[in-house]
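Below, chain A partners chain B and then partners chain C, in two separate complexes.
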Partner chain A sequence: MFKMKQTMLVIVLFLVASLLAVPVQAQEGSDPVITPVVCEEPGSLTMWVWDETWAAIIGASIDVWIAEYCPGAEVDLQVQPWGQYWDVLKTNAAGGDLPDVFNMSQDRFFFYADNDAILDLQPYWDMYGVDTTIWGSGLVGPYRWGEAGDLYAAPVNWDTIAMFYNKDMFDAAGLDYPTADWTWDDFAADAAALTDADNDVYGAAVYSEYQSGYPNWIAATGETPVVDAARTDCTLDNEDSIAALNFLKGLYDEGIMPGVSIMGGASADDSFNFWASERVAMVSGGSWKLPQAIDEVTFNWDVVQLPKHPETGRSRSIVHSVGYVASARTANPDLAANLILFLASDEGQMFFAEGGGVAPANPSPAIQQMWLDSFGDAGVNAQAFVDATADSQGVTVFDEVWDVMNTELVVQIFDLDIPVEDAVASVCEAINAELPE
Partner chain B sequence: MTSTLLKFFGPTPLSRRKALWGMALVAPNVLGLFFFFGVPVLMAFITSFREWNAIKPARYVGFDNFERLATDPKFEQALTNTFKLIGLTVPIEMVLALGIAVLLNQPLRGRNWLRMAYFLPVVTSTVAASVVWTSIFQPRYGILSDLLAPVGLGETKWLVDPGLVLIPVGVVAIWQRLGFDMVLFLAGLQAIPGELYEAALIDGANRWQRFRNVTLPMLSPTTFLVVVLAIINGFQIFDQVYVMTLRTVPGGVGGSATTLTYFLYRRAFTNSEFGYASAVALVLFLLVLGVTVVQLVMQRYWVYYESDEG
Partner chain C sequence: MRRDISLPIQAISYAVLIAGAVVMILPFVWMTSTACKPSAELNKLPVRWLPDNPVCGDNLDLLYDTSPHFNRYLLNSAFVTLGRLLGQLVTCSLAAYGFARFPFPGRNIIFAMCLGLLMIPFQAILIPEYILIRDLGWIDTFYALIVPGSFSAFALFLLRQAFLQIPIEIEEAAIIDGANPLRVLWHVTLPLSTPALAAFAVITVQAAWNDFLYPLVVSNTPDTRVVTIGIALLQGERRTPFNLLMMGSLLATLPMMVIFMLLQRYFIAGISMGGVKR
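Let's turn to the complex of A and B:
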């Protein structure tokens, strides 16, 4: 009897706990990975982000920070639109007037760190007892600086790449939906079968832009795409890079992939919009595209991991993480670091997880599950993006070579029909000119 | 001392007061010009002799930036592209604007509407116009490819082909500039006294002879103004390049659409070479100045000022 009662109690407790689990999972379901700390002295900060949606999410978490951890603090959160963000940031840096806290990307970090414009957060991580190896190296590696590899940024999110495909087109062509173990050959065969030249419908568009496009295919060969990790050499003219590019060019030559001019531009968004308007059956796209696809796409679709290279057996995704950084000249470094700690903590990252868009960088399993659950109703395999983090490649390129490798190479090969070998030769020449000797 | 200053403002108290009022009224504009134009120009001049990445303190490097310019193939390319664009746009722009002005100077029905229509592009945002034109030049779905398909030019990659990209840039520049030039020409045409045409008619001059021997010479001061402004404008073409190549290869494949101003922008804001970019700005200034001085000298051989004859 006693035993029965005890069992009942456990069951009841479990049921009650599971009711609470969804909203408070991050706080009580498991130990938090990063715990915020109460600020020592409130003050005022300015903060810049480049996206309205982010501003809303970050604004909500800042409200919690002020209420729970730093009463009396003021944060002036401003949106500088992406189209002008970097120009305005650089102009403000020139005037010695950077915001206290702002968003940074991995390819631009180098410039600001090299010029001592960013606050070293490592002393704060040490003080707060945060082990910076909890974040994957693809997320934080590019934000480390100096001899000791101090971490200058807190990662906000992670982005990986997977294949968005139009299920209706697969059905119409009588093809099985792709699965995570598909290879480049399966992909090419599907793309060919899905092409309908008479109706101007293409099989796949997978080359545009550094993060969404061809570098993923180069990475699958085992090569580091575009620039090697030491930033000393252009890798596009290496054998594996050329082979990967030739694989993609083969699809373009056969009319399976559309050219840049056909899609109206060389950006990943141009490819994605082409897919969303049912002109192409498959497109490689980032996890940040999920909300837009769920909201706007009218046909049936899903995502699957990028196909595996037939020889290496690897499917590799370029991974990127936006960071929170503080200005080296902020008047309130302690307060700025305290805010960044909160924004990176489980509590601060919950808002991103619930938002159902950006995948939060905080590695807590509860937070990651919350993000996956936010797509619950859509019936989309968002797990493909999580799986893609397992074998992923960090960003090695930087500002000065961005356009050359992002658009110049793509247009030369996939629009002007210049042979891969010639295109990589001219692009590598331009890239090497910008690399340190 | 005081009396010299007083004399500077005027000989009598009344004229001094008037002068002070005048100065007070122009002060906001002059101060604005000084702080937002004069000071930056001066700073650019100083910066052109420095190495400055906008964050670290600037370092004086003497003429290094200019020496680098002299051997930079990308700068040479931008220079060539700029002159090509000027050569492409200025003559076409002049002929079209004059033609339209002559037509719209006739007693046509609805000519006020037509004048307005031709002037609209001038007051349209260049960025908005360039976005629309980009879609017109789109190789597969653009309107132009449908129009040119019968002559075998459908699916021409106007904005990507290094040999063609200056054409769409030039077309948009001309289209945007036409209305402004036309208004100047119209004003010039309307200032030509009617008796000159009457006299020419009595002398038996036909339509072409009247245009050639009356209109053109009488209009030459206006033509001079339009040429000078059009060339200066040609040196400053930037927005069209920026917007129309943004979605494919910024600045054109291999820099094929990069003009001097666009080159300057990229050096400053992408490569953080503000000293080098300022040197480009200084060279651009000297070029515009030089070309304008040459035109001023040349004008006496072809510009006819009525008042000179008395």
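Let's turn to the complex of A and C:
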């Protein structure tokens, strides 16, 4: 009874304090989308993240959680190197002691959920009154598990794909800059006009890697790229996928798009660096490339949404969202869920919004605006990436199919000149072998 | 007597050796050059072998801004390396002396089993070793980093071979003078094995300094992390500052390069002595 009184007192004191403090959301003129809750009992948690920059941002937000929502709690925030994060996580999972809270990726979630390693957060969302549909389906869909579609993760951030283009090259070719309602045909015409074979300059490089490359074009046809949502079938050999790939191969055959060997590799970074070196006029790239482009690119450039499919009228970007999850074996599930709630709340996500770089997942317009403002006066249409979230495609692929879809398919079509139909047949055979019957 | 080598053959062999040397040196040149490049020059085509606007100092400052614990990582690496070196010196020289000088039943089988350890890939025992270390409560401690690395089958083999080269009569002379086996080892055998010990030190130091996978699994905080992990931490999911990564690699490589230059001939002797490279 005494404890309950104490808790009530803390809540009342907090409410008074928060009224006095005039929260930032109120200043921005909109209600918070997710509101943190005071923890019931402090304790200690271990948390893993994979990026030094993120660690600084998340560390700052954890300090606020401890100070205002869970005094006395202790969080041991540890950074693991990105290149080895999944190896270390798997080693720890095999040893039976995962950190209490850790970063998760959509394409890896499948493995951990399937092995019962992750805590079901749905009961907590229900308890805290969080409607999980506030996040777009591309952000949370891949983090749902079980028959009821429980949400096991809180999305931390999102990133979408748009077209980076070299404005100087458009000017030199006498072309108008592309706008969000351009179509595949407009794109192909621009790319052809921008190609300068004499100087080894290409029009566009848009096929590399799952998230930045060809799957966006398949998604625009309405098809789910590479693997269907139920993870039972390879979709690359479906009619729409083949049509999209043939559209891209057409550009490659005409010398408008460079091959893998010319760019020096099949990764999205290879394509992007090729663009940054002024060897290609347009490249499809992720929102995470904005800070690098602002820092490093020396010519005039901008971004625009990917072109619309001429028949479906859709421009669909692959969206990816990193999540926070809790270990199924944590000693403090309530506390872990409380921390995750805070990190996903408007208050916790403000730190990500202000930090620039990756975009915060919290859908509050104020938070999203804060992220756009973080690019300051760079004069870049970062809004294109936000607009791309409206009709986007969540990740359906996973670790085991990564190489075959990311490298083998791309090299077969865009370097070895193997017909699309033959390439997808062999790749689908390999992918289907990894899928459950 | 050395045979005279005709000039064309000499020219060809020098050309081949020079080509080999260039191939070996090129990565170091690239590392140093990239360490001094501003980020705008990193991905420029055609490739720049030397930075147009070198910013070595700025990149060094930036490295310490990005990775404030970098000196700590270097210090931890040095401590772990020294710990393993001393540990191996004690365990391996004692064991090697035993195998070289004391006949006991099953000696050859036990020695073969020790050598067999060289054939087990570390990846195969990573998870069991992690669990063992965790159960000992050694995660995030220097015990975890030093104790398991204090024995090496390769060092055992190297030292045993070296001890066998020493004429037993010298040791017998010491024994007649009343020295016990430990005294003989300390005052006679080890001083006579200086080249082997130097080779052993170079190889052990290099292996310990470069170790990555094992420290990655057993240490999670800057207090115990070593420099190889510090460098890996500079790689981001979406963006890797390659100039800082190369600056970090340069700092981490320098001590090894100095040691190599000072002890070059032992290093090469060690490889030929052991007959295996590690």
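One rule holds in what follows: the second predicted complex is superposed on the first by the 409 of 437 C-alpha atoms of A that agree within 3 Å, B and C clash if a C-alpha of one lies under 4 Å from a C-alpha of the other, contacts with A are read in each partner's own complex, and residues count from 1 in each chain.
Everything that follows uses one rule, which is that a contact is a pair of C-beta atoms (placed from the backbone, for glycine too) under 8 Å apart; a residue touches a chain by one contact, two chains touch by 3 or more.
Source: prediction; values computed, not measured.
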Inset, instruction - Would you check which partner chain A:Ala94 touches, where first means chain B only, second means chain C only, and both and neither mean what they say? - result: both
Inset, instruction - Please work out whether A:Ala266 is in contact with chain B alone, chain C alone, both, or neither, and reply first, second, both or neither. - result: first
Inset, instruction - Could you say whether A:Trp50 touches chain B, chain C, both of them, or neither, answering first, second, both or neither? - result: second
Inset, instruction - Mind working out whether A:Asp387 is in touch with chain B, chain C, both or neither, as first, second, both or neither? - result: neither
Inset, instruction - Answer with first, second, both or neither: which of chain B and chain C does A:Asp399 touch in the superposed model? - result: first
Legend entry - Where chain A meets both chain C and chain B, residue numbers: 87, 91, 94
Legend entry - Sites on chain A touched by chain C in the complex: 50-53, 76, 78-84, 87-88, 91-92, 94-95, 97, 159, 273-274, 276-277, 279, 286, 288-289, 291-292, 295-296, 298, 357-358
Inset, instruction - Report the residues of chain A in contact with chain B in the complex, numbered from low to high. - result: 86-87, 90-91, 93-94, 111-112, 115-117, 260-262, 264-267, 270, 399-400, 402-403, 407-408, 411-412, 415-416, 426
Legend entry - chain A contact footprint on chain C (complex, rising order): 39-40, 42-45, 66-67, 126-127, 130-131, 134, 213, 216-217, 220-221, 229, 232-239
Legend entry - Footprint of chain A on chain B - complex, ascending: 53-56, 135, 138-141, 155, 157, 159-161, 247-251, 253-254, 269-272, 274
